[in-house]
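Shared chain: chain A. Partners: chain B in the first complex, chain C in the second.
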Partner chain A sequence: MKSSRTWKIAISVAVTAMLCQTGSAWAQEEEISVLMFSLPVTRGIAELTDQFEEETGIKVNVEVVGQNVFENQVMLAFTGRTGDLDVVHVPAIQLQRWVAAGWLTPMTDKVNGSDNAAGFFPSALTTYDVAGENYGLPMFVETGLMAYRTDLIDTPPATWEETKNTAAEVHSDATAGIVMRTSPGQGFNMFVLPMITRAYGGKFFADFPGDMSVVVDSPENLQGLDLYTAMLTESGPPGVSNINYPEAVALMQAGGAAMFIDGTSNVVPTLDPETSSVADKIGLAPVPEGPAGRSPAIAVHGLGIPASSSKADAAYRFIEWATSEDVQAQIAINESYPDFTRPAVGEHQDVADKYAAINPDLIQLRSASLSDTIPNYRPLIPQWPEIGAAIGDNVNSALNGIITNAEALKNAQAEVQEILDQ
Partner chain B sequence: MIDRRTGYRFALGRLMMIVLLCFALLPVLWSIVLTFRPKISLFTPIWEAPLAWSLDNFGALARSDFPAALINSLITAGGATILALIVGIPAGFALAKGGLRGTFQTSWALLLLRMAPPIGIVLPLFLTYLNLGLLNTRVGLTFAYMSLTLPFVVWSMWTSFSQIPSELIEAAAIDGATLPQILWKIVLPLSRPGVVAAAILGFLLAWNDFFFALILTRGQTATAPVAIMNFVSYASVEWGAIALATIVLTLPIVPVIMFANRYIVQSLGGAVKG
Partner chain C sequence: MQHHATATGLGPATSLSGTATLRRQKQREYLRFIYPTIFLVGLFSFLPLVGMLALSLTDYHLINGWGGTWGLQNFARLVLDARFLNSIYVMLALSIGGVAVQLLVGTAIAVGLDQIVPRWKIARGFFTIPFAVPHVAVALVWLSLFTPTLSPINAALDAVGLPQPTWFSSQTGAISAIVIADTWANFPFVMLLILAALQGVPRDLKEAAAIDGASQLRTFFVITLPLLKPALLLVTLFRFIETLKHFPLIYVMTKGGPGRSTQATNYYAYVQSFENSNVSYGAAISVTLFIFAGFASFWVARINSRINS
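Presenting the complex of A and B:
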């Protein structure tokens, strides 16, 4: 009798232990970690994550950090195959390199089998396709726009040549004619310069992706670079060769520049009366065009799944939720987020009203500008970060007057070729 | 009576000191001003908006992850300093008075360890911690900081103990004192300036570290210098919050340094005259 009771207790303990173990394993599967860098949309996602947890029962540890901190931490997680991240912020500009290194999991089957994956701006979604496989869903797409001072400029210039002339006309000691990014880097001066060189017909490669002959030193690129250096040297702010987006935004907000051409995420803060002393004097216009047309910058950010994650299904559910129309609309209301990736978000009345109050043309200008963009504005190849850095360094040297524009492109041509040959 | 030439030299010296002081303090003063300026006036000269002052940055900082990160800094830097002292004081004593062979080589090996670039230490640590489950933990970071502070503590305590006359230790031993008693009751009280200086400078090494914390921690365990970097991001730099966080990060150090100034000077100048 006693023996039977002992057995019962032992079996009960064993079953309970097994259930607890199974339960904890199940709970472990349903907990995911997300790492993103700070943007209005990522901060917005972090704020709304409770909704996802309530809907799905999946616990989410979201972390939003500074961009430099993110880059270090994600690199260590990828190279160390730590497996502690299930969803990561994927800047489109890094996508090819990360895919080539095998750091991301393809999501093609999940995307194809989901209704929610439809309805993105096509250029934003296709950015995440590499060799026929999808590696992410877009949560942010920004494009180039011009902010100009309506008290100084009656009609915004339509071409780059007019922009250079207008900048020279309004330039004074108190107000620079124009400010643009000039610091060297693939995401700095090389984010804005192709808006000019491409408008003059310049390219990086003869016929991307079919003919990858390097044509960085083409006459068209030289024409564009000549305009960029002349315009900024003559009409740029003091210390013109060392300006990045924070300085450019701050200068425009303080009334220190008459024109500012950059991505929407930097242009829109100049319209914010809380941070801009000239918010009521800022107008928006499309990026100027050139002989070859208009080529606004484009930058896309999305969410992907690290190859080392063992919770791809739960991770995808989170990505799908975070990039859904409903969540994007909520973030567009809660944050400064005109960079949504679904056109339908702009049709929500409350969203439309909010951004019309900031500037009546903002949403329409952004949509028109997005339709002018090309996905390979900066070539989406694994070597782009190195290529962009090499060209950016030479362009900055030319702006500093250390070398001529022609020499800068010639050097860049040789360096790009060398990078591709490696 | 001071002659005219000496007076000029004195005045010139004072002037140079003031200029250098202004140069060194200018970034700090500018940070203090930024701390109290509203976003809209951050880059407007004070004379153009003399009445634009705000406490908004305090609220923004309080709502951020910075306060928790500051506590992490305090725990990890403080923990590493205490551990380094516990291990480093006996080690320094053994090197100085133990009559060990290879003391010179050992001390130089310690110094070389201190001179090694952080990247050479932190990446092996990262991989080791990955396997031990110590990544993203305060304990892991504390031990990592100990690798920074321990060589410094051992080296400086070795120097400090070397200045104590061996006759004192021998006399205590003849009187029947054990080794721990000699260390605790005789050597340490005489080396107080050295201990305080080693503790403070070791603490500062860990307190100001950015690189180890960046690699070995994330989120809940990040330290204050990393949290400051989180104010710099894509399309936004929170200048006011950065300035305030920098001031807050510096503040705890100031009274400690002022309190310990005497000990540090004594430590550098020699604790005991033989």
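Presenting the complex of A and C:
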């Protein structure tokens, strides 16, 4: 009996000691969760995370998912305040909305207290400022470029009118004259269309942000939309009405299109001989201009901290590391990533050599294009995702001939006004 | 029960009341066993439903929060919302078109399999495979088959010089594409139910018809089909209710396009709730869809009980 009790005590002590030890191990090892959607830079960060873990001892669970899955997952985490995310991918286009809803933690003090913020392109960093507070550090900034087939087109068109004419001239059953995004959505057709409408002087609002009168149905926007629908229906590939960037990139890589106008992250893979059968026949050019000038698309992506995270310090250390010059330079070498957010990355000799070998003009064209962009290419307001979706749906209906271009803009005008009035 | 009462040795009146008491006791006993299930169903089905109804009566917006208004304003807005009315049209087109094609295909294959059973029992398993494939996978496969630049169908048509269809460029094409994918995924359900019903058709009736010189086609239309009527009715209603909830095929194949021409009501509720952040309005759309599906379910239950009685 006595022996049995002694055994029981011994086992209890042993189990308690083990639990205490495990508990202290848990307490020592900090763990953060990171959610991003798939881009060359996010895949690159995920590959290098071991380095961060070795440097800091902080364990990182990185998840890189498709964009649609990301949006659903992040919405659930934010609205449910689950606290299971510590670092989140913040597309600049969603920033205002997420800040308005109180879903992100301000990082101003941390950014100001660190030397890390000094080397970013200023416009990329200020994109993450809302009402004087910083909500993220940029990891990716892409701008619009044109890829064209040098065996079919001698001189790339300089204006949108010329682009339409060139597309019609080279269009054949085997090779479409041009391919661009047409799927409806604020990040799909509404990523590329403003490159045309703004070149014709079109705007979303009379004088953003001072005068927010909606001017979606203006004659300038109609001129741009007329060109977009005419050019793509006459010289686009079969099934042009439902093309998103993966299909457009695949088509260009397979030699199925003569011109492709999109963001740098999608244009550059057409130059990759491993995936593109026409890599040696691709030239790069700036986005065409119109009567009101040139307006290349811009998209900025960064990393932020959800308001529900209880590990803001560890999360910020990860963000600082992931957007550092060293990590960006490594990713620029490992992946197709000319979209770095620090000018110094382009000065690394191995990075400069890599992209010069792909195309000698790439880095220079990208820098020139970035300087032509305007921050509010797509207006940075909380309602933009809804507004972009409303215009995008109507534009897609017009492209498919379900309604006329004028009707599409008239409908969009009314819907945008309704969204702003809510 | 009668046997049990007699065994107690009581008189007829007492035994009748005893039987009723015993029945009540038994019922109480049975209820105790199903209380946990009732509780769980209440917790996970009824409460969210009440939550959704409550949400639909507010003006709650994911970004703006709750403005403090309660009422039927979301339901009043529905009546005037052209996108909602369009979504009902799309939903009915997908439901009616889908169910009709699935009934034809499912019944035809069931009748064919009934003829060759039992020699080719394995064929039943073969035809049920699509039913086991997740709808997202079904949608991805059909999306690639209908995308002109990826489609082997279009490549084959192009090779022989025929025009290539562009399914997703028109409302009719896009709805047809979804109906085809839906039919491929769900005809096995119709096939299995009709096959089961065919087993109940007396063989001697068919034999008698054959002896009287009726052709197989005539036997099918005059004898088999009328006897399949209850099963056909039920399977139609089950599939109809199911098709009201179309989502994954639309989400993956068309994203509601071209334009908004394949935004069925369930998909529109998603757009309003999660793309536009109007969760209270999205809840009002869901509540309306639920009421519609509820009426359809009630109809199914009534017809089912009539058939069984």
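Here is the rule we use: the second predicted complex is superposed on the first by the 393 of 422 C-alpha atoms of A that agree within 3 Å, B and C clash if a C-alpha of one lies under 4 Å from a C-alpha of the other, contacts with A are read in each partner's own complex, and residues count from 1 in each chain.
What we mean here is this: a residue touches a chain if its C-beta (ideal position, glycine included) is under 8 Å from a C-beta of that chain, and two chains touch if they have at least 3 such contacts.
Please read all numbers here as calculations on a predicted model, not as lab measurements.
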Checklist entry - Who does A:S265 touch here: chain B (first), chain C (second), both, or neither? => result first
Next on the checklist: Quick check for you: in the superposed arrangement, does A:A100 touch first (chain B), second (chain C), both or neither?
Outcome noted: second
Checklist entry - Which holds for A:D393: it touches chain B only (first), chain C only (second), both, or neither? => result second
Checklist entry - Is A:P238 in contact with chain B, with chain C, with both, or with neither (first, second, both, neither)? => result second
Checklist entry - Touching A:S277 in the superposition: chain B (first), chain C (second), both, neither? => result first
Next on the checklist: With both complexes overlaid on chain A, does A:L251 touch chain B (first), chain C (second), both or neither?
Outcome noted: both
Checklist entry - Counting only touches as set out at the top, which of chain B and chain C does A:N72 meet: first, second, both, neither? => result both
Item to check | First (chain B), second (chain C), both or neither touched by A:T82 | outcome: first
Checklist entry - Where on chain A do the contacts from chain B and from chain C line up? => result 72, 250-251, 256
Checklist outcome for this item: Per the touch rule, the chain A residues reaching chain B in their complex are 35, 37-39, 61, 63, 65-69, 72-73, 76, 80, 82, 84, 245-246, 249-251, 253-254, 256, 263, 265-266, 269, 273-277, 301
Checklist entry - chain A touches which residues of chain C in the complex? => result 61-64, 147-150, 154, 164, 166-171, 254-261, 271, 274-278
Checklist entry - Along chain A, where are the residues that touch chain C in the complex? => result 71-72, 75, 79, 97, 100-101, 183-185, 237-242, 247, 250-251, 256, 382, 385-386, 389, 393-394, 396-400, 402-403, 419, 422
Checklist entry - If you look only at chain B, which of its residues touch chain A in the complex? => result 39-44, 126-127, 130, 135-136, 214-215, 218-219, 222, 226, 229-237, 239
